[in-house]
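Take a look at this one; I'll ask things after.
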């Protein structure tokens, strides 16, 4: 079954305390090479038949993400 | 596929009974019961149901002491059901129980703790009650140990995440630290539920032809073997020297949202009288629910395993039987009511499926793809598991430990005071408790940091209940018999100082390996102590839980008997809080103080010392104090009351003063170290504007009274001894836990994918 | 007066909201998320809780339920609507109120008694307060941090649409200490704190929360 | 700066209530073509210099995920 991945991250201008906490933890553990971290959500959708890009984009942009604060990346299966 | 037919024909097939945790004689007994070798599915069932966790094989002979206690009029349903039920008056009944989820919380702190809460809530729901509150009693290794920073934030987030999402206020608990819990944190969760007398339900399958309905979440591969592996076996050291779960990491994942729907659906089902029996699915899943329901009834049961809705279609029948997927229940429903039952479930979006029926035989049969894979007498699975009289011996080091009396004099009272109240055990617990919703449902009258959680159960009459959980393991280490009674006494006192009349007891006994004779002795002594204490106080034990194998290698945890006491308030508006609000009130100490430092917080914090004997137990004095407190509360004679326990008077005064920022000018008599830090029982500090009335009542009750002074000002002043500005005291008391655990960095990874600790 | 209280799967404080409505002197009317039936109520409360487990995003799934579509339509013609905590999240997700609520800055659920400054005492839900009054009600959330783009925040402030602001400490890192906002017409109000938990001396830190429910009664009488 | 992406998802055999809830919502909204949804976490790390795969994998597996219940996917920059 085709697998569609949707990644959702907070917009740049919205502060991301989860990402900052990860960054802080990395620093404390001595991983100083990491300069910034953003934390978002990752959805893996199994779709039936040929994925309908328009429909999936609508799902991603209106349901899986809140456009007021989040950006979305849609990854359709590449074959 | 292994079938009954095949098993009869191939008696000599090798079976992995040892890997499943069965001993050779246990396996032999199964063969004897069945008159043949068990099928793979039967072997799975027996192995989980005969595990320590489900069968209580090491503890049963001792727990009988609770059953031998005199009958209590308050007890509507006693031990042996999912939870005991107590009559609290006006036709109201209350059910409550505490249960452990220790090992899973070490492996996956968030989900371990979350599913611990979910499990005990289902036990309460099963009795026909609406769950109305939870509590949690937690133990971790040293507060500054790195692994504690890994485990504690996840456990707290898990307790909160699940309970908050269910809409159950968290009204109290405990948080204590000790090196002995480094590889064995304890997560004990309590749930309390309320119903009318007529609504009590039992886990019993009656009436041939009645349907067996499985409802709630789908069955998946989580927690398979959890009962026999996670909950009962100790963790071995693996080859690379890293400690970790020795067997398959069978962790369950909780879905509190589904459980919330399950609760609402069940309550509608109860209200419409749609079930004749009901059982939650916890440890051992379908194996446990079907065999227990059938064993408690008079007939048999036939199950079609193909009907079980699965999340994972590759599960084998044995795995389906053992799965510990959460948020599932099993009900016995008359055929004419099935349709309505399913309709209620549909309205709440709860999946419900008929998986079998009650039969008039005396066998539990289970079919898979048209073949019989289980055919057993259900009692032999659920009730007639092995029972061991394990060898016991008094710990070899106990005499030396008891002879090693602690120091008894403080070199610097002020420094010691600050050290005790700022130690992780003594410090303000707000950082933890504010992660719990204490307001939801609008009936919380008192919650943390009060001595007892108090709930209103009837909005018209103001009838209510009080609950406290206590489990001092230092006392129990020094003397498990007396220490367990001291824990009972403390929980009893906590309930009484709130103004409630103590009514019933639950307990969770957390110990090391029962295969160690010294641990077994500690366990037996603890049970004997609790039984004797309950007899003396006239309280029934309504149920509880045993958690064994809490040990790392050879080293067991300190024996940790956590005792819960339930009390009743005729009118919760008369409840007595622990904080001082008003200036100019008289501060009285009720009860007598002896120079007792064995197992005290002061000895541990200031001297790193554990030794000597725990405080003397005086249950008559506890009863006198409790009677006095209940009377004073009912008449509105005291404006605050706080029980004295760990940390003695210093700890109690600190908490009462800082609650609302009201100080006091006080003086103590006698040896100041004992006055401030001794942990003698049967004591409480009260404030009142009617000191003469209180004094007279105390004298009548035979409770010693000492006037300590008067509330007011912004410091705690002990004449001639010390002067502690509240600001300084507050800083010391509140800074500890946030400094240890408050950094958002420690929250990273505490909440796994799929869980939401939010809203 | 009849005030509807919506129950979603996972609503928790619906019993509390109904009690508060009753104590304020109105009749609470239970409303079910899945039905297109507002039962002719005079106002609606979306209570706290974890609708649909708050999976995905707090309030996101509930905002797409049949009844919320009706609430949105009715609000556009002036029906007073109050969203408390999860209800506030639902109203933001449904587009009735601006902004969004995200994970608290300290990453923990936090329950405490919270000071609030009432900045707008002329909405349907706050008319019984005095402007500038400080009240104490419980706050309890894990995703209560109010956020919006800076320009949007400026605009909201400029239009005076901040109804209540945290005082004496910000419990969740909310932008500009915002605890609650209103629609332009003052009929729809959302806030993270829980006024329904501060309606009785016995069970709340104060009775300051009752004013929200009394206000809507008064505004209905006046209307 | 090189960007490393880490996706953390629950293991297949572990139930994923979030994904289930999203799937339910999609169904109610009429998107019946989606057959299953799994929801995980998505981390975007900016690292300085050449990413050290071993170090990043260790970070992912010990800090960002609990390998008892979660799987980790590490995406190093491909250039």
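We just call them A, B, C and D in the order they show up, numbering each chain from 1.
The rule we apply is simple: a residue touches a chain if its C-beta (ideal position, glycine included) is under 8 Å from a C-beta of that chain, and two chains touch if they have at least 3 such contacts.
Worth saying up front: this structure is predicted, and the values here are computed from it rather than measured.
Novice: When I count C-beta pairs in contact, which pair ends up with more: B-D or A-B?
Specialist: Contact tally favours B-D.
Novice: CA centre of chain B versus CA centre of chain C: separation in Å?
Specialist: Each chain's C-alpha centroid was found; their separation is 35 Å.
Novice: Find the geometric centre of each of chain A and chain D from their Cα atoms only, then give the gap between the two centres in Å, rounded to an integer.
Specialist: Each chain reduced to its C-alpha mean, chain A and chain D end up 9 Å apart.
Novice: Averaged over CA atoms, how far is the centre of chain A from the centre of chain B? Could you give it in whole Å?
Specialist: 40
Novice: Got the chain D residues that touch at least 2 other chains?
Specialist: Residues 8-9, 17-22, 24-25, 29, 39-41, 63-64 of chain D touch two or more partner chains.
Novice: When you check chain C against every other chain, which residues touch at least two of them?
Specialist: 52-53, 55-56, 60, 64, 103, 105-107
Novice: Multi-chain contacts in chain B: which residues touch at least two other chains?
Specialist: Residues 255, 257-258, 349, 744, 747-748, 756 of chain B touch two or more partner chains.
Novice: Between the chains shown, work out who touches whom and classify the graph as line, ring, star, complete or other.
Specialist: complete
Novice: Write out the stretch or stretches of chain B touching chain D in their complex.
Specialist: 107-108, 111, 217-218, 220-222, 245, 249, 251, 253, 255, 257-258, 311-312, 325, 349, 748-749, 752-756
Novice: Show which residues of chain A lie in contact with chain C when the two form their complex.
Specialist: 10-11, 13-15, 17-18, 21, 63-64, 66, 68-69
Novice: Which residues of chain A touch chain B in their complex?
Specialist: 17-18, 20-22, 24-25, 28
Novice: In their shared complex, at which residues does chain B touch chain A?
Specialist: 743-748
Novice: Where on chain D is chain A touching in the complex?
Specialist: 1, 7-9, 19, 22, 25-26, 29, 31, 33-49, 51-52, 55, 59, 63-64
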